[in-house]
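In order of appearance the chains are A, B, C, D, E and F, and numbering begins at 1 in each one.
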Amino acid sequence: MKPKDIPWQERPKNSSDVLWRYSENPIIQRDQIPSSNSIFNSAVVPFGDGFAGVFRCDNKAVQMNIFAGLSDDGINWSINHDPIAFKSGNIEEVHVDYKYDPRVTFIEDRYWITWCEGHNGPTIGIGYTFDFKEFFQNENAFLPFNRNGVLFPEKINGKYAMMSRPSDNGHTPFGDIYLSYSPDMKYWGEHRHIMSPTSFKDSAWQCTKIGAGSVPFLTDEGWMMFYHGVITTCNGFRYALGSAILDKNNPNIVKYRTQSYLLTPSVLYEQVGDVPNVVFPCATLQDIEKDRVVIYYGAADTVVAIAFGSISEVIQYTKENSL
Amino acid sequence: MKPKDIPWQERPKNSSDVLWRYSENPIIQRDQIPSSNSIFNSAVVPFGDGFAGVFRCDNKAVQMNIFAGLSDDGINWSINHDPIAFKSGNIEEVHVDYKYDPRVTFIEDRYWITWCEGHNGPTIGIGYTFDFKEFFQNENAFLPFNRNGVLFPEKINGKYAMMSRPSDNGHTPFGDIYLSYSPDMKYWGEHRHIMSPTSFKDSAWQCTKIGAGSVPFLTDEGWMMFYHGVITTCNGFRYALGSAILDKNNPNIVKYRTQSYLLTPSVLYEQVGDVPNVVFPCATLQDIEKDRVVIYYGAADTVVAIAFGSISEVIQYTKENSL
Amino acid sequence: MKPKDIPWQERPKNSSDVLWRYSENPIIQRDQIPSSNSIFNSAVVPFGDGFAGVFRCDNKAVQMNIFAGLSDDGINWSINHDPIAFKSGNIEEVHVDYKYDPRVTFIEDRYWITWCEGHNGPTIGIGYTFDFKEFFQNENAFLPFNRNGVLFPEKINGKYAMMSRPSDNGHTPFGDIYLSYSPDMKYWGEHRHIMSPTSFKDSAWQCTKIGAGSVPFLTDEGWMMFYHGVITTCNGFRYALGSAILDKNNPNIVKYRTQSYLLTPSVLYEQVGDVPNVVFPCATLQDIEKDRVVIYYGAADTVVAIAFGSISEVIQYTKENSL
Amino acid sequence: MKPKDIPWQERPKNSSDVLWRYSENPIIQRDQIPSSNSIFNSAVVPFGDGFAGVFRCDNKAVQMNIFAGLSDDGINWSINHDPIAFKSGNIEEVHVDYKYDPRVTFIEDRYWITWCEGHNGPTIGIGYTFDFKEFFQNENAFLPFNRNGVLFPEKINGKYAMMSRPSDNGHTPFGDIYLSYSPDMKYWGEHRHIMSPTSFKDSAWQCTKIGAGSVPFLTDEGWMMFYHGVITTCNGFRYALGSAILDKNNPNIVKYRTQSYLLTPSVLYEQVGDVPNVVFPCATLQDIEKDRVVIYYGAADTVVAIAFGSISEVIQYTKENSL
Amino acid sequence: MKPKDIPWQERPKNSSDVLWRYSENPIIQRDQIPSSNSIFNSAVVPFGDGFAGVFRCDNKAVQMNIFAGLSDDGINWSINHDPIAFKSGNIEEVHVDYKYDPRVTFIEDRYWITWCEGHNGPTIGIGYTFDFKEFFQNENAFLPFNRNGVLFPEKINGKYAMMSRPSDNGHTPFGDIYLSYSPDMKYWGEHRHIMSPTSFKDSAWQCTKIGAGSVPFLTDEGWMMFYHGVITTCNGFRYALGSAILDKNNPNIVKYRTQSYLLTPSVLYEQVGDVPNVVFPCATLQDIEKDRVVIYYGAADTVVAIAFGSISEVIQYTKENSL
Amino acid sequence: MKPKDIPWQERPKNSSDVLWRYSENPIIQRDQIPSSNSIFNSAVVPFGDGFAGVFRCDNKAVQMNIFAGLSDDGINWSINHDPIAFKSGNIEEVHVDYKYDPRVTFIEDRYWITWCEGHNGPTIGIGYTFDFKEFFQNENAFLPFNRNGVLFPEKINGKYAMMSRPSDNGHTPFGDIYLSYSPDMKYWGEHRHIMSPTSFKDSAWQCTKIGAGSVPFLTDEGWMMFYHGVITTCNGFRYALGSAILDKNNPNIVKYRTQSYLLTPSVLYEQVGDVPNVVFPCATLQDIEKDRVVIYYGAADTVVAIAFGSISEVIQYTKENSL
């Protein structure tokens, strides 16, 4: 699949940051559709001549659901006013307490969507679409309690592969990233622990919990992924963004992982909102040839923002700054 | 009692919100009197040719007390520099640890004030005045621990009626609204449970606790009240504002109650302050003929702001959006 | 009302304890009726030629309810196999989530029963009977959350008087004793704080919370009451028993209160059971002429036990050992 | 598989309990093997001419592991002094932090063992043996955090079926029973929620959390299972034992479930020990023809005890006492 | 040591505040050196013809360390890009987990630096320099857990004197100020408790914990110190700034201490940042002759700001507003 | 100092335990003196022709204090009815909130006593006596919060040496052992961390916190000490006893430390009492020539018990079972 012209803006003069924010952030406002209290933690993917997305829109009753949307340029989005209505995939009855924090990726013949599904507690919901018009829901991947399920964009040794973060039923103050496999998108096993929070001493921004963020994409060094890390301050959690590179053939192996964050809440739309001090990546678009990546992230659990980087520079930084 | 010309500003163009904020908010600054750290969660009432109010002013030692004030227009307020000094009402000795979050309403011949009174823990204090110059304090209504005591503006079946929220001795993470009755403003009983927090799934913004807000006023559909609801995020409580309609003759019955909030912290003076992300209604002024209501609410536990609405539209919305 | 021959056993030789346990304790076993998991925290009163009682029997689903019983000697009890079915007193509909920890006392013409009533959280239920066959339930005395409601056995200055302990909705780790008044057993007010937990330094066994225990009885020094006090250890709460004397004419005034406990869990049936280390007094029988008192208390939340004392010695000890 | 003569003792005279304890309990002492601090929460199965078992023995460093043992009569056990050393089943490398709370059942051609496996937190370990001499370990069934994995003794609709209790990484204060399926004992899916804790009001002994206990066995009414339920007292958790009957063909359906416990800590070896007040069933032996069942349960996290019952009476009680 | 011209700006017109903020705050940005995530809670001292400082710079891995810097005017600072590398003082091996919240003062012949040193938990590190080029580290003053160690700028009765706040290993929700003495900067004793948090009723802004802030300086009334006080809101801790005057000859005696704060988070750079709502003083510069003091404080755990005051006015206010 | 004939009883037949309990335990009952609720966690030392001791006696108000006592045989003790009244040592005024958990040892010319002293929180009190009649109190060793201060019985490199456990102000759920030095029993420094709790996986009985227990005594392998370790169960803390050997010349070095406990609560007087499941060593008597040691320990925070062992066997076990 060839990427469209992804959104882009040059690094600001005087900046030496690895990633830099879009000057017109946030690209999606909290009330962009009539029913929404907030739109954040959302995912995009190249689609047709443009881009498609799956968006977390919490409505004004603060009920969480996911919505489809389209865009020509990846910046200006038209989001449906009604949440996605799933038909039956490999499960007969589709149970729904709530849905949030979607990711989306194309594998073989269709677009797979994963999200946090309410089923007596949060777990990982799975669905797919061919056209972003009709959507199908499969069996949940895991038992509760789980969050941040992120699929690899191709099968690994013939099996689907998904990262996730086992959790509990509230504001989980712990969390590691695991990798699990499935032959059929129905039964899952071969669970491997791949990444833990760090010690406070080694890298405090990710010492409480971590979770997979964007769908990994292949680089010469392996699978590049952006993830979130959390620190507990005396005024609650603060979420920042780091990068990791997993082994190409055996993604159970974390080759590199940044000791420093690449992005931390430091502008007003990240620091102030429904949940202050949150930067939460859920997707990237990348143009390998042009050496560009754009990261889509939720800010302050309220809006969607993007940041840009050079893929080769991110790789270099991740290697040189690795834990 | 006929309403004065209450404060008013038309709904902004392009807005379809049920309530809209005053463009010059906040109307009362945190340091509006010399001693104050913050002024918020305050109540107003028509009085004489203008308006009177009772204000929560925390001083720079962050001690909580209530202060009287007057205004010609309901927006520009002259607040006394000394807190209200209560004389004995139906209790001999007036004990005071602290006072906060006042409400005020006229019943029969006088203005009744209720507030959260420190008496080995928070409970509901009751006082009255005829002229906003001389004030009298009665017996506390209930045993601790209680907050958000709100009187009905007339007797119900011959008895005074008060809503309240039984609490505990700290930052209570639970709370329902009850209704109690008194023949004499001294002894209270007939306690009825009338409203609970919702499930997270049904309406998350009010899933942790709820509390009565403004003094109810009569409409064709029943008693209209604005109340606050609280959600627990990983960074603390967030307070939003909803509306409810209680049965005219038997206010134990909640006829309608909004699933969606009407106002949530989303401008800087509501999102940033001594306690971020708080919208807390304590009073309304209404002009039934002109179909107008103005809501007075504390913002971020720091300042006082107001919002406007059409009574008929609020009623319609509450009915159509009811849980 | 003249006391029957109340249960009695002389102080063991070599003992100098103020109170001493009955050698055949516990007098009521956990499974004394077929449905019961445990019987404890129960109250007795002279009745007819013998004694009547109201018993907390948790059934094998561990649902809490109160049961009536009769006894000739105060030791051997016949407890009904069905819980008390209340008819309407001054309230139309009798709501029941659960009932526990009853107290009982005779005032004027009838036996009044108070207990902890589940009504969206624990509060104080009130009922009465003339004959221990037919029972009537009144309005709850207070808003939740409250426990340990104990009536005085006669009106004080023309009003009913009740002690209680405002609480929260769980295993409350705090608690003071208040005294409230009612002209009619329907509306309650004039709430007065009368006793607090002590500091750890002054009297650690009662430093977490305290609650009224037995119905007070008049002595020359004033109202004699046994109450429970709680300490928090690293292995949970431990409940012990102390005594207090309240002013005869103004029971808001605590004249004396023991710094030392009179009874602490130290025999196996108090130390081991459904909740280890609990001694919880709910009633006394006294014979003023013979200078005898017998205390009924729950042990380890599992069984009922009794202890004996000389009234004059308890008074003397309470005065000399007062905080 | 035909049962041997399982252990048996008649119901004591004067007892009408559904289950009754063995008079010589505990059958396994805490120090029955030289290294053990405690032996409890263990499972047994008919094997050869007698019985085999898998035992949780915590050593004197209080490290948890599982040990094999044999018995002629089901009461006197010879437990190996070394823990089970697993060889590779369908996983190459066998990771072990700790193992505890085993269950065992025969399916088709071998004995399957499940237990709580430490793998960056507790999850469900799976192994098998043909002879109780050589043991093989498979992939863990689920992501952490999980406990109380219990297999059905035959395939359901062609797939292995396992109950489990998703948990967190500590003393989980919540917990429901789920049922999951696997075509191959490697990949798991079709996760169904089947049983929740009850409300405090409905059945308090199981209101905090519940977990599958013994391997289900088929009766005319369906799959009979004994499970544990937990209540939170002010002195910690208390574990009791109930029964449930699941639909024969679709065990996702809970047909009956006891409102009352069948066994609660009430004798000294259940009330006193390393964790007081615990009764924890992990296995049964049953003789359908003789209408007998014997339940093996851990007591006070210290020793193993057994209790007896009539299968038909348990079924009848479960149906009549169902929630 | 004679003060340089310390930074200064006149009190704004219309302001009657005791302290007023510098109009160009913050004076040090979060990313003032390339590696820094945030620079805050830092200390300065007159040095040579200008000023020297020790700065807390958390890097982008959010690891805490202290850095030296120089300034001509006390406002524009040149901070080293590498943290201070300590040589051995009176301890052979220099252990370092982390360093934060430095203070600095000149005593006799050298500049002493104290900070919070990670040594199996936070305690007070001590070092010294003669020239701000070469630094030496001594034995830690105390056992963990301790924070906010602040030296007096001269010996008291021949001994070094240090204030500190015993703490625990996390976000300590309690804390008093103690004063300890040492004959040799190696062994410490004569620990005296000097200041506690206040009751919520008396002065709520400092009711959770307090800690020494700036190095005391001598005035006619005694040692003037600025300290921080903390209140616990439902959205976390809020840090404000007060002043205290200790007895000149016996600083164990607190002569005056402000009931009101002098500065509380109320501008955006104090209210929004890595930890919202923090004002945290660590140093002053004073010009006794000109009656000026400038306070250096960390804002929102993100940047450094300064505020000005008249020494005589602060003294007068502290005396008149004393608890 | 030559040991008297210390208490002794041979190892029971059939026992292979390293330590074995005295058959007549507990040697001191909870009410051995008239005022006591409990006597436990106490220390003994050879004195004159017999033994002296310092005892923790909590009175019936559950106030903690320490009492002196004497014994001819180390088993039958005569404990003073009044607590120790300290005169001034190197501190003028003797402050006392409470005293508990004493240790005692002879150094050079006098008996030194350390204990947990209430001084705005627990810290380490120090006193001395020459004759167990007159007692003197010194400066507290450390700032709060600290517990379990244990002196070495001789100076190390010319300085007094004390182990302690930095803590917090409640039921501390963490804790390591440190070693500090003093030239003069007034100022303390050179704080070294020497022992931490273990991981749950390595040795769960000591995974929550550990604290020094008995005064170390010299063996060929170094300083032998018995200490307590704590595990957190779902029903609270459980305290067990282990041994450690510190380097003779540099006791900062822990040479050996048992992975297994030597004694864990497993008889009724250790499992049941004011705080169930506690074994807490505070002293030993040893007879090097006869290769005997007797350990004095508090049981269930209620009584004093003793256990015996062979010194050489304990050494061997500690070396072979070392972590």
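The criterion applied here is as follows: a residue touches a chain if its C-beta (ideal position, glycine included) is under 8 Å from a C-beta of that chain, and two chains touch if they have at least 3 such contacts.
In this text the structure is predicted, and so the values were computed from the model without any measurement.
Between chain A and chain C, the least number of touch steps comes to 2. The most distant chain from chain F is B, comparing centres defined as mean Cα coordinates. The chain with its Cα centroid farthest from the Cα centroid of chain D is E.
Between chain A and chain E, two chains of identical sequence, the interface residue sets overlap only in part, with shared numbers making up under half of the total.
Separating the centre of chain D from that of chain F, both taken as means of CA atoms, is a distance of 41 Å. Put simply, the C-alpha centre of chain B and that of chain F have 59 angstrom between them.
The multi-chain contact residues of chain C, meaning those touching 2 or more other chains, are 235-236, 272, 276-277.
If you check each pair of chains against the touch rule, the ones that pass are A-B, A-D, A-E, B-C, B-E, C-D, C-F, D-F, E-F. Listing the residues of chain A that touch chain E in their complex gives 16, 200-205, 231-236, 238, 259-261, 264-266, 268, 271-272, 276-277.
Residues of chain E that touch chain F in their complex: 91, 119-121, 123, 139-146, 164, 166, 168-169, 172, 174, 176, 178, 180-184, 186-191, 193, 196. Every residue of chain C that touches chain D in the complex is listed here, in rising order: 30, 34, 37, 58-64, 97-98, 118, 171, 235-237, 272-277, 301.
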